[in-house]
Each structure stands twice: as structure tokens, then as C-alpha cells.
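Heads up, the next two complexes both have chain A, just with different partners, chain B and then chain C.
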Partner chain A sequence: MRETITPRRALQMVVIAAIALTFLLPLYWLTISALRPEEDIFRYLNPFGPWTLLPNRLTFENITELWSGSFSRAIANSLVVALVTVIAGLMVCAPAAFALAVIDFPGRSAIFTAMIVSFLIPFDAIAVPLYSIMRGFNLQNSYAGLILPGIGNGLAIFLLRQFFQGIPKDLREAAMVDGMGWFQIFWNIYLPLSKPALISAALIMFIFQWQAYLWPLLIAPSNDMKVAAVALAQFSSAYNVSFGLIFAGAMFLSLIPMLIFVFFQQYFTNSVAATGSKE
Partner chain B sequence: MRRPLTFVLVADTVANFLVFAPVNILTRGGPQGSTDLIMNQIYTNAFVNGDPGSAGAATVVLVALVLAIVLVQFRLMGERSER
Partner chain C sequence: MGAVTISNVRKAYGSVEILHGVSIDIADGEFVVLVGPSGCGKSTLLRMIAGLEDITAGEISIGGRVVNRLAPKDRDIAMVFQSYALYPHMTVEQNMGFSLKLQGVSAAEVKQRVAGAATILGLTSYLGRYPRNLSGGQRQRVAMGRAIVRSPSAFLFDEPLSNLDAKLRVQMRSEIKQLHQRIGTTTVYVTHDQIEAMTMADRIVVMRDGNIEQIGTPLELYDQPANQFVAGFIGSPSMNFISGTLDGGRFTADGGTVIALASGPASAASGPVTIGIRPEHLRLDPAGFPVEIVTTEPTGAETHILARLGETEIVGTFRDRLACVPGDIIRISAEPGHIHLFDSKTALRIIG
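Now for the complex of A and B:
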């Protein structure tokens, strides 16, 4: 059925579009600045005129210079760290969330509270003591050192637990009557019903690693192991700030998670509706 | 929607209590501390004023405060009653 467009509806759509454009504006400015010659980036900012937002000279020199350096290695490091974190993290967080949501065991609420506290503590506050622990295991400049702190993600466990609790109890009771064990219930019933939540949790963990700065800077500062965020920051040093490279690098750093998000967005549409039970 | 809403409420509350980078990058808490937030204060104490003890204490207080707020939120969203 097609919706008729009333004036009120049209106004709503215009307002929504305006808000969406406002959110896109910084991203747009970032992109065109990356494609400008370096000396043009700040040239038209003040006074604000048409050339602030419309590039009059386009060039790919920032981007080619960016990829000819060590930045590609840093992007590859970031991708490896983020993807391994997502896979290992889901393997840890989903069963943990299942246990917290479904299985009634002694001490459950205490463990749940401890898990909530784990994401209340700012990561930056534990980074330094965590560094000395990791150094004890000799994990500096290694993927393991970068990945391990991201695996047990309290926020992802919390998200998944909330979702698992929303899955009707009848389903697992029926499965238990038919003789399924906990693991089978988890694997065959809960996971297939939870795709949107699993994707959200995966994105949380991906972004956690993708934007991580302080931890990679501490644990993996060597040229071979540094991640993209650290490499980006190093384009500005005490002697030289190369804004062309910073803008081009920032563009790729924001582009990659966006592409991943757009790709997975299709799975968000068929969400909770698919549990097949009336309550 | 109550359960997803609980998640959004708690996650958003925590994220905004722990805001640090924008303050540090844009204003460093100034002018006269008018845009200072607790995390920036803690960072300044630890790494600018060289007083990690008071920064650690402030972190503990911050976590206790946020935990109290989150527990109230859980209570208000009716987390306890359901099993």
C-alpha cells in the first residue's frame, strides 16, 4: 500500500532530510578536503563562501602519497586486529550472554553486576596497569597484545543478554522437552534468532578496536605493528603537520566502518519479529 | 522495547559520563574550567599535574557514581522483577 503524501508528511520529510544532511556535512567536508591540494584545505574556510564546500581544484596526490607510505600496512594491521577481535569476541561474548540471560545458576546477578562494572571503568584508566601485565607475558608489538583486551567486551555481552532475554521462554522449554542440552539450545535456537543482535555486538567490538588509540600506542608502537589510528596521529609531529595526509587518512578510516555498516544494514530489518510466538 | 531501551539508556549514560577525547582536543576544559568534564579532570591530574594518586581516587569515585546511576536505571526499567 502506498502512503499518500500530506503537507504535514512532506514537512516531516524535509526536516528529516535536513537533519541527515547536517550529520553528513562534516564527512563531506572531510572527503573534499582529502581531494584538495594541501594548501587549499584551510584556504576558503574564512570567510565562508561557495568555495568552502565546493572544491575548485581536485587532486589525488594526497591519496597516492598516503598509500605509497606505511599507511597501507597500518590499515592492514587495524583490519586484522578488528576482525580477529570480532570473531573471537563473539565466541566468548555470545555464550556468556546466553548463560547470563537464560541459565539460572548461583551467583548470576553478582557476575552480571561485575560485567556491568567492567564497562563502567574507563579503559584509559586501566591501560597503564594492563600494559605492565601484558609486558609480563611478553606481548608488546604483537597481534595478541592488541587483540586480547578487546575480546571480553562487557557492552557486547550486555547487548546480547538483553536480546536473548527477549526470546520467548516457550521456545527453550519446548526444546528441553525434546531433549536438547544447553549448548544445542544456544546453537540451534538462540543464535539463528539473534542475527541482528550478533551483528550489533560485532560492530561494537569492531569499532572498539578500530578507534582504539591509547592502547595500541602503548602496546604496539613499532612500525610494523602500529594500527591505522596511531599512524594517522603520527602525520602530525612537532616539526611538520601534513594536513593533506591527515585528511586522506581520516577519510579512509571513516569510510571502511561505514561500508561495513551499510553492508550489514540489510540484516537489521528482519529483527525481533521472527521469533514465531504469540504472548 | 523495554529490554533494548534499557541497553540504550545504560550504554548512552556510561558513554557520556566517560567522554574524554572531544574535551581534550577541542577546549582542554577551558575557558576557566567551564567546559571541563570529569574524565579530562582526571587526565589532567594524572598526566599534567603528575598526581596519579588523586586521579586514581577520582576514577574510583566516578565508577561508584556511574554504577549508582546505572543501578537506579535498572531498577526503574524493571530489570529486577523479571526472571
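Now for the complex of A and C:
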């Protein structure tokens, strides 16, 4: 049956579209600014006119300049850090979540509470003591120093634990009777059934590293090791701000997680919405 | 080989004891049903046999080996769950073969044994399907298939038919029974449904509040219930109980009605007693005692009548088609030889 569009419905759609556009506007402005000659970026802001939002000149100047510099190395660093964090993080967080969800061991709730608290503490608050620890291990300007703090992610553990708890107890009891030990139950039953939650946890850890700024700035400031967010910030210095490069860099920095998110979107919303019952 | 011995087993959660020392000897190849109202401890006992619950005290042995400290996987048992507990991400074939694969059985043999079990259960054409694409009865069969491919010492069933509709339940009931007759593996089966227990069991264990009330063959329990609880639990519609006084072989119900008993040592006692009469042992009798009809339920083959004798409601099943309406008074009597006598204080059967 085709839906008839009543005036009321039409109004709703216009309002919804307007709200959606409001959210897209900064991204749009980011994109056109990246594709404008640098001197055009702020030129049409005041007075506000059609050229504020419609670029009259397009150029790839900013982008080519961006990639010809050290930014490509920084993007590569960011990708390495984020991807290794995701892989190592899942290897740590998923078993931890399984133990917290399924195995009844002494001190379980205390550990779980500590984990919840861990993601309520702002990272900035622990950055400096963490830095002294890492320096003690001589991990400045290394991938290990960048990656290690991102591996044990309280939020990812929490999400996975909730999902694991939703898997019926009968399944693991059947598995026990079938001859599986804890690790086999985890590997053969829980992991295959938890793809949506694993993807969500992976995205959380990826974003955590991708948007990290303070920590990489402290631990890995060298030119070789700096990550994209730090590199981007350094396009503006005390004497010189190159807005063309900032906008172009910001565009790529937003684009990469966006592509990943769009690709996995269906899983992500699935697991956040329904971390509960599963037949 | 597959005998299961439960001796003086207790289960406590903290200070709350829910199984108070139960002992059952299950012979190799026997089909034993644990039955009782919910909360009686029957599922807990089964899970203790499986190794899914700790044993607080006492001893369980399977095939002559004490299993108290063994993990479920080392007990050589297979279990069928009420929810079937099939692995959702595996096909029927993988579900059935997984335990063999874990044991390190070769892929060819796994395939062969799964195929064998599938033939027995009529699942051959479903081997490639996922559990979500099966009906309830088919899932139940897969769960049984998963159990039988392993040829364990004992099968444990935990209310396996509760999730099925009434018709399928009757069908699966006889399939499980046939399966047992065919492969002869010791089976412990938990249900709250006394009809399932009566129709399937070699022996029934009736439990209540963490104690065993009686162990016996279905007909032993039916004909010689040890106490009033078993008498009321087994049989449908359940047994009628009328309390009154016994005095020199003469029973007078509390309302004053006199009911004739068979003469014998039991009825020679005196004092307060409760008599039990099964609905099918009541008959129309112009010389009997009068009861007032409350409702009639014709089922076609027979008619159930709910009637009132003084304060007590009693149910009778009659083969005759009765033309009477609520409020009518009919006269009935009980076959004296089939009246059970229970001590009013202890609820125990008075043996005669």
C-alpha cells in the first residue's frame, strides 16, 4: 500500500530533513573548505551569501600539499595504532567479558565494578601518571606506548559482557555436557554468536585511538611516530596557521572512520539496541 | 555398564537445604522418571547427575564410577534440555556431531554416526539446516540426536516436551519411549507431568519438597500409593479424598454419610481417617450415598461429574451418558475393594 502524504506528514518530513541538514552542515562546510583555495575559505563568511556555502572555485591544491608532506606517515601511524589496538583489544576484552559474564569466581563483582569505574574516569586525569609509567618502560615514541593504554577498554568489556549474558545458560551447559571446557565454550559458542557485539567493541576501540590527542601528544611527539590528530593540530603553530591543510586533513580524518562505520553500521545498531534476548 | 546410583544425596544453597538426602538405584537400561510439582528438587537432582550442580553431600555414581568430582564432560552422559539448547550457528549435522569432533573422532566416522542417528530420528533430509529453520518437534529430535550419537552410559532428559504443543507432546512421548526400547540406554527423565511419567517410565520416583515420596512402577504407584500425596498426584482426574471416622469397619464421612468399605485388617482400625477413591471407581447405585451435581463434563467416551458430598467436592468418571443438570441429586457408591485408606494425621497409607 502506498502511503498518502498528508500536509501534516509533509511538514514532519520537512522538519526532519532540516534537522538532518543541520547535522550535515559542518561536514559539508569542512568538505568544501578543503576543496577551496585557502584564501577563499573565510572570504565569503561575512556578509553571509550564496558563496558562503557554494564554492565558486574548486582546487585539489590543499589535498596534494597535505599528502606530499608528513601527514601520510601520520595517517599510517594512526591506522597501525588503531588496528593493532582493535585486534589486541578484542583478544583481551572478549575473554575478560566472557569470564565476567559466565564464570562464577570470587571477586567477580568487585572486578566488574572497577572496570565500570575505569571508563568513568576521564583519560586526561590519568594521562600524566600513565606517562611516567610508560617512560619507566622506555616506551616513548613507540607503537607500544601508543597502543597499550587502549587495549583494556572498560566500555568494550562492559558491552561484550552484557551481550554474553544474553546468551542462554542452557547453551553453555549443553556445551559442557558435550565435552567442552571454558575456552572451547568461549571459542566455539560465544564468539560465533556475538559478531554484532564484537564489531561494536572493535569500533569503540578504533574510535578511541583514532580521536586520541592528549596521549599521543605526550607519549609520541616525534615526527616519525606522531599520529594524524597530532599532525593535524600542528598545521596551526604560533606563527602560521594553514587553514587549507587543516580542513583537508580534518576531512580525511573524518572520512576514514565514517567509511568503516557505514560499512559495519547494521551490526553496530543491532548490538547496541538489542544486547539482550537471543533465541 | 550404565547403572546410576544415587545415595543419600543432599543439596544446599547456603543454609537452605533443598534436597534432603535422596537415594535411588537405577539399573542399567532402566527408564526412570523423576516427577513432582515444581520446586520439588527433581531438576536439581538431574543437574547434579549431569555435573551442572555441585553435590553438597552424598554420592552419585554412573556405571560403577563415583562422579561427584568429575566435570560433566567426563561423566559419559548426554543431556536433552527443555529449551533444546541447539547451537544456533551450526547446522543440524554439526550440532549432532560436535561432541564427537571434540572427542577426536575422525571426520568420516562422525559423518557416519550422525547419519545413523539421523536415520533413527527421521532427520536425514534436515542435516544441512540450521535450528532456526526447524519446527519445535524437529529441534527436539535434533537434541535427542545430539545425545544418541555419543552412545553415552546414560541419557538425562530435563522436561524435554514442555515446550511442545499437546499433540506433538503425545507423539514425541512415544518416540522417546521407542527410542529407549531400541537402544536400551539408561535414562533419567524429569517431568512435572504425571501422565508423561505414567506412560513412559519403567519406574517412577515421586518427589516433593526435596524428599522422595515413593519409588515404584507406574501401576504400583497407581494401585498402592504410599501416602495421600502420591495418591493425589498420580492419576487424572485425581483421586477423591473424603475425611471421616473409622469405627469397627464402618466409615462415616464428616457430613454423616456412611460409605461401605471392604472388610479387612485395614478397615478394622478405628479413629480419624481419610479415604481415597479414584473417579473411575465410583458408580451409579440407587442404594448408594446421595451427592449434588455441580458440573458435568461429557468427553464423549465418558462423562466426568463434579459433585458435592457435604463440604467435599468429588469427581466421578462414568462410562454411561448421564442426563442430569447441576443441582440434581444422584446416588453413587464406591467399589469397596478399591477404596484407599490414609491415616488422617500422617497421611500415610493404612496397609491392609
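By definition in this document, the second predicted complex is superposed on the first by the 247 of 279 C-alpha atoms of A that agree within 3 Å, B and C clash if a C-alpha of one lies under 4 Å from a C-alpha of the other, contacts with A are read in each partner's own complex, and residues count from 1 in each chain.
Keep in mind that, in the parts below, a contact is a pair of C-beta atoms (placed from the backbone, for glycine too) under 8 Å apart; a residue touches a chain by one contact, two chains touch by 3 or more.
A quick note: this is a predicted structure, and the numbers were derived from the prediction, not measured.
Trainee: Will chain C clash with chain B on chain A after the two structures are superposed, or do they fit?
Mentor: Fit: chain B and chain C sit side by side once superposed on chain A.
Trainee: Of the two partner chains, chain B (first) and chain C (second), which one does A:181 touch, if any: first, second, both, or neither?
Mentor: second
Trainee: With both complexes overlaid on chain A, does A:193 touch chain B (first), chain C (second), both or neither?
Mentor: A:193 contacts chain C only, not chain B.
Trainee: Using the touch definition from the top, say if A:162 reaches chain B (first), chain C (second), both or neither.
Mentor: After superposition on chain A, A:162 lies in contact with chain B alone.
Trainee: If you stack the two complexes on chain A, which partner ends up touching A:120: first (chain B), second (chain C), both, or neither?
Mentor: The first partner, chain B, only.
Trainee: Quick check: superposed on A, how many Å separate the nearest Cα atoms of chain B and chain C?
Mentor: 15
Trainee: Residues of chain A that sit at the chain B interface in one complex and at the chain C interface in the other, please.
Mentor: none
Trainee: Mind listing the chain A positions that touch chain B in their complex?
Mentor: So the residues of chain A touching chain B come out as 104, 116-117, 119-122, 124-125, 155, 158-159, 162-163, 165-166.
Trainee: What residues of chain A sit close enough to touch chain C in their complex?
Mentor: Residues 168, 170-171, 173-181, 184, 188-189, 192-193, 278-279.
Trainee: Residues of chain C touching chain A in their complex?
Mentor: 50-52, 71-73, 77-79, 81-83, 85-89, 98-99, 102-103, 132, 146
Trainee: Within the complex, which stretch of chain B touches chain A?
Mentor: 3-4, 6-7, 10-11, 14, 18, 20, 39, 42-43, 56, 59, 62-63, 66-67, 70, 82-83
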